[in-house]
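Structures for review follow.
Heads up, the next two complexes both have subunit A, just with different partners, subunit B and then subunit C.
Presenting the complex of A and B:
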């Protein structure tokens, strides 16, 4: 393909969760959609844990369970606080999650995105891979009217451009639509794919059939930085990874692969992945700035969705569902503007933000608006001091050694006060409660 | 801080990945410098593909062949102008089988 002469209703940049949701929704409504993806195939540049939340996808592709590549539906979630030799955990497992239409699935993104893209094409959109968009094209008044790519040929024009370009957001930041991400508002995560026979995974995690289990962990594994480790069971593999704020990585001169290797060798993790074959190592950024980091979401001839719009709920580790919902809502706003035969101006596209503000996406992010700053400024306390204290307290409680219980309790209390002082403990609790509220 | 054995291990990790390298057209360049800034120096540790290394003059150099296009170096060093960062041309670069 050399030149694309035709003009489109919409150009979608990127074939990740938000881009696919936007392209699918618009194409299904009959809009003429061109989607551009720089990877060899949709998903080849995309990285996620990954947990996919069914409700949000159902709103876009109601029959996705018929043919989407889903790994395991989650029946058990383990939240761990770890120190060097131990983990203290809350586990929630319920047979209620064995439902006809399960609520959460693990997925493998490259495969999932290929499936989603087939649906996008099936809905009538034109999907062009191996095409990097290099520039937004504007008219004399500054309205975005199309894009230029690294393919031969000139600009491609559309009434509106949907920027679903991912967390790096090169076009938006270079085009002056939003500011560059700050190192303290973004995490770097690395992960490996560990392959094991299906029955080994079932035995180790106590699951059967397509049941799945996930572990998410904080503690000394992040070496004093604000971070999270995760282990997700897929059908025949385990996704194991860890992410920390980029600002913390830089300040500590820490290597992400060293953290990952330490996590793999942790006595609580090592037996779970023993004997596995690693088939891929991936790295990706995750927006962590929350509500306060949400940039301008629309303008003359453009909207921004998904990770590029920093729509990620760090507290609940939700990202792809916010991405696909923002893509759907942006598409629905564009469809409404088009139906009225109105131009895709900033004023008319403000409908996208109005609709997004009413959705769970912005409501959830607003709820935790103070959390990123709290965790960032108190990383050592929340990710090292407290996990160690918790582990010591648990061991003190469990170990039977003839020490009178009253003395054990006193020792635990004294350890907390010594580490953080009475005032520090109260202040941490209040600040956490306020940020959670 | 990483231990001396780490370099070997990250190369082993990257060996699992598929890449289509755009020979002679690196998508990231380091601006010539006498002494690296703290952030640029940090990339020798923080880059998850260990693309950045110190040469014997104490300057930071990049070999972007194993780059996973995460953008960490861009976040830390693009604003200061120390690196020039672009995506590879369409179809080139890392190709995740699983992601």
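Presenting the complex of A and C:
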């Protein structure tokens, strides 16, 4: 068998958020890094809503605002609870978000990831696209010492392999590093890009310049399944999508595009996208298992980061920042081990987990460890019954029709009790509070 | 042997659209690719190198971003890449392009050894003229073999090459002396997937970048817009025709059956004809 004689300090598999963060951090420190990406270019396979959190990227690329392709900085967040004909919402908008260094941006991943990859190459890493890693290479003791790809020419060797292969994590599961993904621990999200002129977006959402607005919605739009709809404003387009658990899709025999079509035709959404041209659609899986789904994160000669490590905060809809941060922390751990001239063994790489546990990544996920189970077992109540009741209550309150107010309030209370019983209401409230705590 | 392959970065025409109002080509956001016809030339060059040894140099003229297509060519296994880029080349038609490329090929010959074969694709998918290859051959005084479907044999000692050339009504078998220029026909081979070593080399190789002066071009009046007598007067999208030709299967049918079917098909399309013809026949 032919082999590449050259050896690398680290091989990073995947050029998404976590892979780029890891490759950039290690290459910037002078490590000899090879990054392998199966897509035609970095970002060609990557799908996200997408909102990018500045703080976490700043820790990796402090001057990213100089040249990163950012769409809009967010000044307004709308959280909606929807039933078939209405939405009840909390809107938060603040001029405080118009700061010199804004906190959150909408981005288009295909462009953003290309930029990030240019920075990775600029830092000195070698990046190969259209190269799929097919197998981890191990030595006699089982330590991962390199990878084999779908290109001819044999294995490539490195001291450590960073698996940033994304949510499906086929390589790691095939290599026996972790279990196969379970349908109940992963959501399928579909989205469309609706193109509209800049001034139309500004008018419809009451924003100007690079200001942006996002809507995130739950309710009957997910047809009784645990799910979330979203609408993000970009410069000249709107990302509109919805995601639900794969196990729910399977049990209901529901098709994702039918949900998206229904969302597009919802009376609260339809006017926002009217007259747009759809130029792109995409679908992707999102890890939803939370803290309890996090697999073994390190081993002899390997670490796993980002979606492949199931690091996604479903409650706060944060994924890419956990991915970036885990990539950076894994890289920093590897740099420390390397500096001490220690081998990349399981024992030494445990440093990555220690560092990650101390970060917001694991702390946040631990906080919501019971949330996935609660929402998934009670999907119908939380995503259909309560949204309908909330809409009824709001309408009872708003509509002026001569009914005495006391009777209206009684009707509202009765509707809640009829739908869920007193015990059910109290138990849902307590369980939600416990899961949130 | 030394082989030079001249390639072009073009917009992926499968993803291009014409603006419905202004009738101009909407290039924004359209990905670029190596001109698909050039891939057959490049693969043939790589096969010759693998069989007879030597080097393959890829050459392109274009804006700095044309580097992407050269890097891709290196990833397929080319040994060297030269990018001819200068604002003097902007707006070149086929005359100016073949001038600049022939000068660059002469310079490549000086620096890296004279080429035995120069390859180009049959034509590009954006210009569709098929003029640049022959233009280069003429200027460099190379024998030219156009629309080549197959390289039958090559004899380096005798400096001879035999090829099959597709032409109207059949195939010509042609023998030529080296050096020569070959424009390669599509569908003649399949582009390989570069090995991991090729990919590593491509990611790290330095691409040779030449301005007009560095390529040894002295007469700038022959370059770019100034050296281009061609004028594009208008670009327009032809109105699509909705009608399609009807195809009739001829296998295992008598002539009478075919005729009946044909007439039947005509009458279905043009019902007005039927009574007239029936009347005349009667």
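By our rule, the second predicted complex is superposed on the first by the 433 of 437 C-alpha atoms of A that agree within 3 Å, B and C clash if a C-alpha of one lies under 4 Å from a C-alpha of the other, contacts with A are read in each partner's own complex, and residues count from 1 in each chain.
By definition in this document, a contact is a pair of C-beta atoms (placed from the backbone, for glycine too) under 8 Å apart; a residue touches a chain by one contact, two chains touch by 3 or more.
Because the structure is predicted, anything quoted here is derived from the model rather than measured.
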Partners on subunit A (subunit B, subunit C) - clash or fit | fit
Which partner does A:285 reach: the first (subunit B), the second (subunit C), both, or neither?
-> first
Which partner does A:183 contact after superposing on A: first (subunit B), second (subunit C), both, neither?
-> first
Would you check which partner chain A:127 touches, where first means subunit B only, second means subunit C only, and both and neither mean what they say?
-> second
Scan A:139 for contacts with subunit B and subunit C and give back first, second, both or neither.
-> neither
Subunit A residues in contact: does subunit B have more, or subunit C?
-> B
Touch check for A:407: first (subunit B), second (subunit C), both, or neither?
-> neither
Thinking of the overlay built on chain A, is A:156 touched by subunit B (first), by subunit C (second), by both, or by neither?
-> second
Return first, second, both or neither, reflecting whether A:67 touches subunit B, subunit C, both chains, or no partner chain.
-> neither
Given the touch rule stated above, what does A:39 touch, subunit B (first), subunit C (second), both, or neither?
-> first
Just how close are subunit B and subunit C at their nearest CA atoms in the overlay, in Å?
-> 8
Where subunit B and subunit C land on the same part of subunit A: residues 130-131, 149, 151
Subunit A partner, complex, touching residues on subunit C are 75, 193-200, 203-204
Residue numbers on subunit A that touch subunit C, as the complex places them | 4, 6, 34, 126-128, 130-131, 149, 151-154, 156
For the subunit A and subunit B complex, residues of the former touching the latter = 38-40, 43-48, 50, 108-111, 113, 129-132, 149-151, 167-168, 170, 180-183, 186, 188, 190, 192-193, 237, 246, 249-251, 253-258, 261, 278-285
Touching residues (chain side subunit B, partner subunit A) in the complex | 1-3, 6, 9-10, 13-14, 16-17, 20, 38-39, 41-42, 45-46, 48-50, 68-72, 74-76, 78-79, 85-91, 93-99
